[in-house]
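Working notes for the structure below.
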Amino acid sequence: MHDQLAQIGIQERELSISHEEPEHEEPEPSRASRLATRWRVLARDRAALAGLILLAVIALAAILAPLVSPYDPNAQTSAVRFARPGAGHLLGADEAGRDILSRLIWGGRVSLFTGVAPTLAAAVISLLLGLIAGYFGGVLDQITMRTLDIFFAFPIVLLAILFAGVLGAGLRNEVIVITVILIPYMTRVVRTATMSSREQEYVEAARAAGAADWQIVLHEVLPNVVSPLLVYAAVLCGLMILVAAGLSFFGLGPPPPSADWGQMVNTGKSVLFEAPHVAMIPSILIVAVALAFNFLGDGLRDLLDPHTLR
Amino acid sequence: MSTALIEARDLKKHYPLSGGLFSRSARQVRAVDGVSFSIEAGSTLALVGESGCGKSTTGRLLLRLIEPTSGEVLIDGHSLNEMAGRQLRRARRQMQIVFQDPFSSLNPRHSVGEIIAWPMRLHGLGNETAIRARVRELLKLVGLQPGHADRHPHQFSGGQRQRVGIARAIALESRFIVLDEPTSSLDVSVQAQILNLLQELKNQFGLTYLLISHNLGVVEYMANDIAVMYLGQIVEYGSAETIMSGPRHPYTHALLSAVLGPVTGERRKRLILHGDPPNPASPPPACRFHTRCPYVQDICRETPPPLEAADPGHLAACHFADQIPQYVSRGERNP
Amino acid sequence: MTLYILRRIAAAIPVLIGVSLIVFISLQLIPGDIARALLGPMASQDTVQRYRESLGLNQPVPIQYLTWLWHVLHGDLGRSFTENIPTTALLAAKLQNTLILVTASLLLAIPLGVLAGIVAATHKFSWSDRLGMGTTLVLGNMPTFVVGLGLIALFAVQIPLFPPLGMYDILGSGGIADLLRHLILPAVTTAIPPAAIIAKMVRGSMLEVLGQDYVRAARANGISMRTVNYRYALRNAMPPIITISGLQVGFLLGGAVFTEYIFAWPGIGLQLQKAILARDISVVQGAVLIIAAWFMLVNLVVDVINRMLDPRLRSPR
Amino acid sequence: MSGSEAAVGRAAASNGSSGEPLLSVRGLKTYFEVGAKRVLKAVDGVDLDVHRGEVVGIVGESGCGKSMTCWSILRMIDRPGRIVGGSIRFEEEELVTKSETEMARLRGSRIAMVFQNPMTSLNPAFTVRRQMLDMIATHDRVSEREATDRAIELLASVGLPDVKRLLNDYAHQLSGGMRQRVLIAMALSCNPSLLIADEPTTALDVTVQSQILELLEQIQQQRGLSILIVSHDIGVIAWLCHKVAVMYAGRVVEAGPVTAVTQSPAHPYTQALLASIPTPDTRGRPLSAIEGQPPDLSRLPKGCAFAPRCPVATERSWKAPPDLTVVAPGHTVRCVLYEGTP
């Protein structure tokens, strides 16, 4: 934002509670009303809300796949091969005559899982590594950072391909691979946030009050690290959906028939001339989900900023 | 001085200077270079000087927030630097700090109530109900409303945030508080509120202050004694009255000249120094002030002046401390 | 400056060793007996044993690593068992094809991204900025393979302007015109996602610089917006822009692997894909090592350029 | 001569000036639209005159609109801010209606500015020479050589040593005081008739502050320059200025010769502001602080903005903004206490 506005903006915040009479005490906001405030913040951010709704719908559909899927995802009906989107098959059918919508719904189970689960796992590990390296510094930090530097020397996709290629295809391996390639990036974010929080005077105040290091880390540093990590994790979820799809596209995902979105694009690739929609529909979904995570990340950033809590 | 609550003995803090990527030389920044003073219980000592003179570092050394390179701090005659474990924790309860920046000194993620309560919880001072009651009491004491406990720091103005910082500092019923530029980021009208509050609390609880400031107006208002620092060393030390009325060091004289009277804008004593303060990483040899001193003589470039009594109880580190008062009374423009 | 470059190279050596270690160790991660895994279940125990020895697999792992490293340092990446020729020779032939593709993409991505970013930053909050940034957001979140397939669907299938595949012999009979015809779609595909990300970052760092005191000071003293935008702001935004562009080279190298696969472009990436499915370990190692070393070199150059641009580091006082 | 004599002398000099002022601001309003229905009235009807050769100060606390007034005069208010009303006449021309190109030509050549933070106001990527020459070349068609000569002369005139070497230095190689001198030299490089200085000493060390103030006084006297200086430090204003305007919540509440305003302040806010400064006389007694906080600029009270904190506010204070009252020649105040008194 512009600095003139910021100049006044700060002022504006500072002044916002100046009007009340000193004797009059305001009722303390309840936990529920604070939750309501947060919800209003999120709802105001239309892009984030749209992202959240899209993700919720897809996740719900994937979880309830046996109930909501119109067809068996693997049932092949040769009569409808290459069927264009329309009645009957809402999103058309693929080269083997399988219903694309049903395959998307079932595939969502794998694709969402391979994006979200490794991100969460990596976040936990990175939180630990980054807090220790960033707060204590010194040799420990040096070792951690030099090790991470090695990972940063690889383009992230390449590292994924290398590990997946060596470990072999399969859901479990894919999750492991994505977790491993995420850890360096998330650790770096946690470490940076930790270091900047450690420099703040409130940490000195805590030390002056007699707090031990572990108490300072938990009480003062951690709350300031979790928020940026969550925001970053949301964005990375989107990116990892892309990476997972890429691996599957490359033939390194879970083996058929449990089709995920990347694999659907890959099979659609061979019939691109006859029926472009077979590859394009899952492609669009992949991009939409990645975007949704991005919007969600932006929304989280605003939501978790203490300044929005009025 | 038997009544000294806090005593600093020849404190030194040298930071190694990593000379960029090229040289890992043995150069050091002598941020604090041999500082000694004592503060009597119930009085206020002001550390005065420009940025980079080591006054904030001294304040942190006093609380053992950083470890000194050499020297020690005594509290009630016991060496703070030899303490460890529970003994150190108990000593920490006696001493607190109020920071300059009311933004970075309060954790934005915690409510004000949590910020004030946490030190008490750390020391196990009562159960949750008692602590919560005490937080409300403290908020009232510093001029905020008890209902403010649930708000976050960003919902307050600079002055109000500084009040929160003060409430946190007195929560443990400490006896000694370091005030590190407590009002320099505040407007004058708010500064007056905070200064009044600090004086009230001092009278009410018999607090002892170390006031770190570059503002001589504030210092003169608050302090019993003044220590003037230049490049890591104390160059003048004495009671507030004697220093303000008759400085014995030309640097103090120059600092006083920088105070502009609000009504006529007149300078009390006119002495304007040339140049900027030297880099603390390479302080000038002998008398560190000689590069900017208008009265410099050969001896100043060769022999460091000792900090010795110019009058009883009034120390100055200047070879010509005896002659400075004449310059002061004579000097209108630069000599 | 020379000293800095030397130090920077010295600092890169342990990283390079680490990279080689990771590439080597990844081979150890193959479940079960490597020789057996490579030869398949039909090979006799005897063959497997002999193969183990020929690979040096009966040695302790550290010795294996050092032997391998020694060979790599001498340009010997082992032997591809699928193609049955030395890996180094195999990859060297593919490397030039990848180089052509990546260079073309870079020449597209960086100028395009930087230009779009500058235009957006200097017209901030205008409709063109919003439209541009919206597009950037979508394109930046598109995986390379989706971009590639989309472009094929559009420009090879719907409007047949460019051949979708069929680049077999790059410097062969077709000549430069044929090369360009085949190059356009793959190069654009590889360039689009990095270009979008570069545009976003350039806009961000330009806006940051434009909000600085010295930019306002320049404006307040009458320096024209043109000078402010293109000389003051761009010059100061340069270091982050260069850094981002360098990082995007890595992104681009990763993306090129997919592009080559989609367009059957006979480069390292396509070879890598084949080798992975065939578990041709020495080729996988070689390809990854080459790409990683390449990326490191780019980062080194970026650091050196940024250092040359920084007056604080150039003339300290 | 002593400080107070100097101030009286300066006041006398300012009375001698006549004719249309060099700068005349009338009813200036600069608002920021920060939300659907929120308008921050950063500057709300400011009147200000600067005559030739005069030093005028604006004093007030942070957020009172003093800096925004300066930026408004230079027409450097960016969205969502806008000058919504009033007039700014400078050298007999109206600035509010000028085109951006015309304003750009005027900035730096006829009105120049010195900034609060010298540490960040110089471009870190260019040498002092490059920035000085850019500034000169923007406004004057002179050869590179002439421009360099002029730059050397200017840098020397603001008391910088070793100027030739300094030309090749980057900002990071200079101390804060030196940077502020370079910025002042740049501001003077096209012989402006008005210099606006926005808190020029706030970010500097105390001993360096004195140097810069001394320098400003010196160049003002040598060049007969007009200076509009903004500060939160009333001591700085009192020392340097002929006239002063006290701002509160976007409005000028009191204006007049500096000696009159500081020695016999009329407005309760000015009185309180002066009383809240610790002085030798207040030692040992509580300072008379102003209770409460400045008002929210988007929800200003209907009447006098100071009324909520004013110890002598009357019912009339809350009803409508007070009128401008002349309490002494050239000394005006906006307070209901003085309304109707001639």
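The chains carry the letters A, B, C and D, assigned in the order they are written, with residues numbered from 1 in each.
Keep in mind that, in the parts below, contacts are C-beta pairs under 8 Å (C-beta built on N, C-alpha and C of every residue); 3 or more make two chains touch, one makes a residue touch a chain.
All figures in this text were calculated on a predicted structure; none of them were measured in a lab.
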Touching subunit B and also subunit C, the following chains: A, D
Furthest chain, CA centroid comparison against subunit D: C
C-D or A-C - the one linked by more C-beta pairs in contact: A-C
Centre-to-centre distance between subunit D and subunit A (centres being mean Cα positions), rounded to whole Å: 50
Centroid spacing, where centroids are CA-atom means, of subunit A and subunit C in whole angstrom: 24
Euclidean distance of C-alpha centroids - subunit C vs subunit D, Å: 54
Whole-Å gap separating subunit B and subunit D, where each centre is the average of the chain's CA atoms: 32
Multi-partner residues of subunit B (each touching 2 or more other chains): 157
Of all residues in subunit D, the ones touching two or more other chains: 62, 79, 293
Multi-partner residues of subunit C (each touching 2 or more other chains): 216, 316
List of subunit A residues in touch with subunit B within their complex: 13-18, 22, 25-29, 200-202, 204-211, 215, 219-220, 223-224, 227, 306-307, 309-310
Subunit C - residues contacting subunit D, complex: 125, 212-214, 216-225, 227, 232, 235-236, 309, 311-312, 315-317
Subunit B - residues contacting subunit D, complex: 50-51, 157, 159-160, 187-193, 195-196, 199-200, 214-218, 220-222, 244, 254-255, 257-267, 272-277, 292
Subunit C-facing residues of subunit D, complex: 74, 76, 79, 104-109, 112-113, 115, 117, 120-127, 134-135, 138-139, 169-170, 172-173, 183, 186-187, 190
Touching residues on subunit B, where the partner in the complex is subunit A: 60, 63, 65, 88-89, 92-93, 95-97, 99, 101, 104-110, 115, 118-119, 122-123, 145-147, 149-158, 165, 168, 172
